[in-house]
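The following pair of complexes shares a single chain, subunit A, combined with subunit B in the former and subunit C in the latter.
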Partner chain A sequence: MFNTEIIVKSLPMLLQASVWTVIYSLTSVAIGFCIGTLMCAAGLSASRLGRAVSAFYVSFFRGVPLLVQLLISYYCLPLIGVNVPSSVAAVGTLALCTGAYIAEILRGGFLGIPPGLIEAARMVGLSRAQILTRIEVPLAVRFTLPSLVNETTMMVKASSLISVVGVLELTRLAQNIATSTFQPLEIYLTAGAIYFVINGAITLAGEFAESRFRMEKAR
Partner chain B sequence: MIQLSRRSSAVIRAARFAALGVVASMAFAGLARAEDVLAKAKAKGELTVGTELQFAPFDFVEDGKQAGMNKEIFAEIGKELGVKVTFLDLPWPSVLPGLEAGKFDMVAGPATITKARMERYRFSSPIANATVAILKKKGDTSITKPEDIAGKKVGSAKATAQLAQLQDFAKTLNPPPSAIQEYVDFSQSYADLGAGRIVAVANSLPNIAYLAKTKPDVFEVVQPPFGKPVYFGFIGTKAEDSKSLMDAVDAIIIKMKHDGRLAALQKKWFGTEMETPDQVTEASF
Partner chain C sequence: MAERPIIDVRGVWKRFGDVEVLKGIDLAIAKSEVTCIIGPSGSGKSTLLRCIAFLEEYSEGEIYIEGELLGFSLENGKRRRVSDAEVARVRRNVGFVFQQFNLWPHMTALENVAAPLKLARGIAREDAEKRARRMLEKVGLSHRAEAYPSQLSGGQQQRVGIARALAMEPHIMLFDEPTSALDPELVGEVLQVMRDLAGEGMTMAVVTHEMGFAAQVADTVVFIDHGVIAASGSPQQVFRHEENPRLRQFLQNYFERNVFWQGSDAAPAS
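After this line comes the complex of A and B, so read on.
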């Protein structure tokens, strides 16, 4: 019953689609990291407006299912004149969603930074922006690296949802092939294996980064 | 107190700004929508068509690429209009909302021309007969005519006209089918039929005829179709700016009916030619 021929035949196409999965999810995480950093900084700032914006942002993008966010960005925003192509809607929504989680992850890291360190930085004349980019972010990332790697693997899997806005990625192609060949078992097992390998690679990269940037070495 | 009022004024300012943005973008959207869809496609040299690549023989994937009758009909349409045709693949429940959101110029599909849909959408000249029939497992002797699904477990796809017809047909049976399973797409219903979880799938004749043709040792069509006679057409919006595009598409499809190009494609994909009217003015369902 198990047909290995169909796997051999569709593997190159699935691998090609998985390149899109990797591009979409990693681009989103990179953009989401910038958004998350800003939102985290705003959430911890003295400005009341900054804190309110950050709290609203995090609660919305963490509280609404990603699938619903994707549908809103693609089908509802055009009603108010914001009509972006599928790929932009997909990356934008993924980035905004992961940004909310990353903001919370980083908040944990920021709170772990000894206040004396920031005070010392201010004493030697570093500006607020310099303190953020040179001291707080590097330290917070080191503190929270395992959680950030975890979030990245989650986004690789979450990217399987973006086909609802018309973006081709691994899961959608697997569905299309499974439908056309009537061999769902073989195709979905192959797709699952590809996700497993992608996330395995991300985990390994994370472990390498952790060993490379260990706190002792940073001193 | 002072702090409170200061905060609320900041909120009001932000809200005012947001409202202004919404109004401005709506006005802009109104302007953008007034542009003629056909003229825009011609200027761009590209017609964007939304569809789902899980509806053989109209649209499916072969060697990782789109294949099927839609691609070949739209190749002719593109040639006549002098534009390149780009397809966008979405899950079917997303396709019509995408059309209304202006994500593509029209929808391939095709979709069954029904009364309810005609109220909301503009259909092209029909390209195939869509009357619903029963697909069974090869060699299942307990089903020889559509009425034999009485008391049995059957399936169809969610949000489709085929499901609605099956539900109507089920009401006329005594006993009615023991269950009507609704699937996200037809492929899952075929898989369940193959696995024996259901005994019949209701879908339009072209689709199941193609399936039985490609998998003759697994599936079999139960003749005759049970549904009311209906047709398959492509879909556009009823908006004024889409009218010229849909008129042009109609003219091309009717021309293809008269010079035999459509009949040749029907023979290729369904194994038989189909009689279709030039225009469906009133749907039977």
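After this line comes the complex of A and C, so read on.
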């Protein structure tokens, strides 16, 4: 009944496709982190416009299902004359979506920074941008690391959705193999196991980073 | 004095909403002078210091740092807030030491001192670290360069804070209650560093409750009460001969709190 042979045969292909899953999801998180930082800074700034843009951005990308966002960008971008590979559009959409969540995560971290640390930076002549990148972001990341790791694992899983707009990654390939071999259970179990291992590695990396940061706390 | 004061505060008011914290402060500090600012809590002394650093925008009046108007530009008698970069330029020679030290917790002592040199002054890494080590040595902490702030005592953290400010080669150092957050046995090491600095001719303005330090080191003592300068002069004048009843009361409270052994035979009061 349970066909282990098909697993062994398709595993190399699935592993290859999972490389794309890792690339797409980590790239999205990296870009999303930059977007999230800017949106978070805008949301906490004195500028009315900045706060409005940030609030709209966050509410849109948190309020609309990611699948719908992907379909919108897939059908919409060609209409407005933007011709990019569907993988680029998909990664962009993932990044915008996770950026909204990361902005909200970082907001908590930013608010936890003692204002005196910023004043000290201003008094030694650091610019706004330097204060953001050298003081605020490193501290906010330390405060919010568990949530950021969590968001990254969510994005690895969410990247499976981009299979619907024709981007080849782990889930898409699993679908292809499943329909051609008529062995869906074995294939999807394998794909699931690969996702599980990827996220296990990310969680471990997060714990390693946390232990590094603990050095900075009291003995 | 013939020379223009290095810090010149003229008619400065500061309001937080309806609350008037500073009500027309005039204060001139000459080069190489040590000015200690004393007063009851809530009197506005820290606010004054923060205005001189432009960590607070003053509501009215003028503050000149080395002859340049701080934070504003005057056009046809109207004042306009200048850009942050312009503020940073005018106060580039002002160092600030905080009550809570405010070291960056994700950097070692050395990095806390070296990072501003690299970032704000564009000094190459190696040179910045060399200068940072010299500064840490100056405050007696070269052996703790690699420690994170959380691994340092309060007194050590404050000395790193002083080193960080000194590394920028300021002409003026502002101290906002630098020893108030310290355990009593750690106060001395910080005051010693400040004393050395005064001896080198640094211009200093110090908000403090350390009357002994003020009496020994200050050229001028300024007593602030309810947002105005209620008395000022040499330590002699202020501590010995001042007639102002509020100041007498303030000093009386201070001495009573600090005397624990009176007379030769009497037991300490229980």
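Please note the rule applied: the second predicted complex is superposed on the first by the 214 of 219 C-alpha atoms of A that agree within 3 Å, B and C clash if a C-alpha of one lies under 4 Å from a C-alpha of the other, contacts with A are read in each partner's own complex, and residues count from 1 in each chain.
Keep in mind that, in the parts below, a residue touches a chain if its C-beta (ideal position, glycine included) is under 8 Å from a C-beta of that chain, and two chains touch if they have at least 3 such contacts.
Predicted model only: the values in this text are computed from it and were never measured.
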Classify the contacts of A:Pro114 with the two partner chains as first (subunit B alone), second (subunit C alone), both, or neither. second
Examine A:Arg134 and indicate which partner it touches, taking first as subunit B and second as subunit C; both and neither are also allowed. second
Kindly classify A:Leu168 by the partners it touches after superposition: subunit B alone (first), subunit C alone (second), both, or neither? first
For the overlaid complexes, name the partner, subunit B or subunit C, with more touching residues on subunit A. B
If we overlay the two complexes on their shared chain A, which of subunit B and subunit C does A:Ala55 touch? Say first, second, both or neither. neither
When the two structures are overlaid on chain A, which partner does A:Arg122 contact: first (subunit B), second (subunit C), both, or neither? second
Subunit A residues contacting subunit B in one complex and subunit C in the other none
The residues of subunit B that touch subunit A in their complex are 7, 10, 22, 25-29, 32, 50, 53-54, 56, 60-64, 88-91, 94, 97-98, 100-103, 185, 187, 190-191, 194, 215, 218
For subunit A, which residues count as touching subunit B in their complex? 9-10, 12-13, 16, 48-49, 71, 74-76, 78-83, 86, 163-166, 168, 172-173, 175-180, 182, 184
In the complex, go through subunit A and note every residue touching subunit C. 114, 116-117, 119-128, 130, 134-135, 138-139, 142, 213, 215-219
Quick check: in the complex, which residue numbers of subunit C touch subunit A? 53, 55, 84-85, 88, 91-92, 94-96, 98, 100, 102-106, 115-116, 119-121, 148, 150-151, 161, 164-165, 168
